[in-house]
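Common to both upcoming complexes is subunit A, partnered first by subunit B, then by subunit C.
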Partner chain A sequence: MNVLKTVTRKSRPVNLFFTEIILALLFFSISAAVILKIFASADRLSRVSSEKENAMICAQSIAESYSQCGDVGDALKTVFSETADFAESGGEYTLLLDEKCKLSAYGGVQLKLSEDREKTTAGVLSRLTLTFETENEELYSLDCSAYIPSGGADDE
Partner chain B sequence: MKNYKNKTLGDTVSTIGSMLLFLLFAGCLLIMIAVAAGAYSRISNGFDKTFGATASLRYISNKIKSSDIAEISENGTALYLKSDDILDVIYFRDGALYESNFAADAEPSTEGGSKLFTLEDMNISEDGDLYKVTVKFNDEQNYTYIRR
Partner chain C sequence: MNKKENTRQMGMGVGYVSVMLIFAVICLTIFAVLSLKASLSNESFNERSGDFLQHYYAADTAAKETLSKLNDCAFEARSSGLFDEAFEEAAQEVEGVTLKRTPAGFSVSYSAAINERQTLAVTVVFDNNGQYTIEQWQSQDVSQMDDNSHLGVWDGSF
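Take a look at the complex of A and B:
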């Protein structure tokens, strides 16, 4: 004969406040992770945007000066410093700048200038490409040119 | 009336645990608000510093490029730009950059005008065949060169 055994256990009441707080914390931590990521991204974008704006102003100055004189070294001396020595390597100049585009030995922005000269019977057409890089990524690039007339075909 | 005599140690620990968790939640919330305020302030300051100065530099350089004749006046604090029948005067006065338009044959002055930007200083000089425009904003000096 089967004997039905019943076991009665004393159940503890569920703490609703505790459960609610746990759920709120869970939701909060997920939201916080997303928001912190957005803040970090906004901060980085703001920094890049600021660097880009300064790079554009700097590039404009170099391009204007280069278009006037047609020489990279002279253009760099006009814009940065008359006393600085800008070393050329294989037709390329590389400068280290800070985020405000001022010359700096520990700068985070690298400015590369590459010049290409094309001689014609009427003069020399020089093309200059300015490339600003930060963290091995291109920040801004500008092409400009200068035409230096040589006085006509008779000069050649 | 509630009878608190039946409360066990477990109930007390549970209540304190809940309160501590709530405290943690409130603390994290405050930290998040502080981080958000800091990030916003940093972005806002950076934006003001960069774009406050460069916007005025761009404005002046675009005006010089679009004009037929540019003339520096008043020790580099004023610029007279002539194009067609209009004389455009851009000048710095009382911590701001102003602009006035006159007829080409009228006598220009650096009074009145429309306020363009708030700046600490502005100077235009000639550097060889280039104009050098220098502006000071938020204790920071920015400059650009423009062909004549």
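Take a look at the complex of A and C:
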């Protein structure tokens, strides 16, 4: 009987310690799951935000360049590359860009540009719509314009 | 006695693990919330910045449309032979435009609203040959446009 009592007394702190460890691990795993989820959503938000910021800078560069020259091809060459060849189909341009808005064949961001030209009596007023898309979702869109005066509509 | 000392030295007592774990979880939670807060704040800033950009270029397009109309007026006035009279008459019909005669020709001012607080102010000078020069094309605070507005600063009198 005495021997049994001694064994029970000695094993109690060890059992308590292990119970505490198990409970602590359980608590930690639940907390870690929630905390990791928060970190992951913060990271995702940050990535999207960074992509949008780059798209905005790129859009502004194209808009400024376009408002100076009034030609989409020239504006794209000024912003991206002088040597690149930008193919147009039906008045629309489509470019593939990476997250930093650099030209890339495997880019995740798609830039669509559509131009609308209106001849006036003394010049050409053109409007350009830039749309950045990622995974078929619109990331950012900007409408800009250019006015290029000429001697008149007959000059064109 | 020796056995008791050995037990004390062997490991941590009950409770230490919980205290350390709670501290670690609190630290991780604080870092996670701060990280999320920073991302949200960055996202909100980008949103506002993107909206401003869209509004600015909308105002810029409106200003260019007005410039296009004015240039058309100048072109037609030049074609008519009597530039001054014809341009003055035609330009006054363009909405939101203020016309002023100068020795060199006409100074035309107009503005396009960017948002409630800012406006794109434009001044274009048309010479007697109907050619234009842009003198001002810049965003301004709405309060700057109103000469009577001033900051509510104490003027020193009681």
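Definition applied: the second predicted complex is superposed on the first by the 134 of 156 C-alpha atoms of A that agree within 3 Å, B and C clash if a C-alpha of one lies under 4 Å from a C-alpha of the other, contacts with A are read in each partner's own complex, and residues count from 1 in each chain.
The working rule: contacts are C-beta pairs under 8 Å (C-beta built on N, C-alpha and C of every residue); 3 or more make two chains touch, one makes a residue touch a chain.
Note that the coordinates shown come from a computational prediction; the quantities given were computed from them, not determined experimentally.
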Fit or clash between subunit C and subunit B when superposed on subunit A: fit
First, second, both or neither for A:35, with subunit B first and subunit C second: both
Partner chain(s) touched by A:59 [first = subunit B, second = subunit C, both, neither]: second
Partner chain(s) touched by A:147 [first = subunit B, second = subunit C, both, neither]: second
Touched partner set for A:110, first subunit B, second subunit C, both or neither: neither
Subunit B versus subunit C as contact partner of A:67, first or second or both or neither: both
Touching partner for A:18 - first (subunit B), second (subunit C), both, neither: first
Which superposed partner A:48 touches (first subunit B, second subunit C, both, neither): second
First, second, both or neither for A:78, with subunit B first and subunit C second: first
Touched partner set for A:121, first subunit B, second subunit C, both or neither: second
Broader residue contact with subunit A after superposition on the shared chain, subunit B or subunit C: C
Distance in angstrom between the closest Cα atoms of subunit C and subunit B, superposition on A: 6
Subunit B/subunit C common contact set on subunit A: 17, 21, 24, 28, 32, 35, 39, 42-43, 46, 49, 53, 56, 60, 67
Interface residues, subunit A side, partner subunit C - complex: 13, 16-17, 20-21, 23-24, 27-28, 31-32, 35, 38-39, 41-43, 45-46, 48-49, 52-53, 56, 59-60, 63, 67, 120-123, 125, 127, 140-147, 149, 152
Subunit B - residues contacting subunit A, complex: 10, 14-15, 17-18, 21-22, 24-25, 28-29, 32, 35-36, 39, 42-43, 46-47, 49-51, 54, 57-58, 61, 127-130, 140, 142-147
Subunit C - residues contacting subunit A, complex: 11-15, 17-18, 21, 24-25, 28-29, 32-33, 35-36, 38-40, 42-43, 46, 49-50, 53-54, 57-58, 60-61, 64-65, 67-69, 71-72, 74-76, 132
In the complex with subunit B, residue positions of subunit A that touch it: 12, 15, 17-18, 21-22, 24-25, 28-29, 32, 35-36, 39, 42-43, 46-47, 49-50, 53-54, 56-57, 60-61, 64-65, 67-68, 78-79, 100
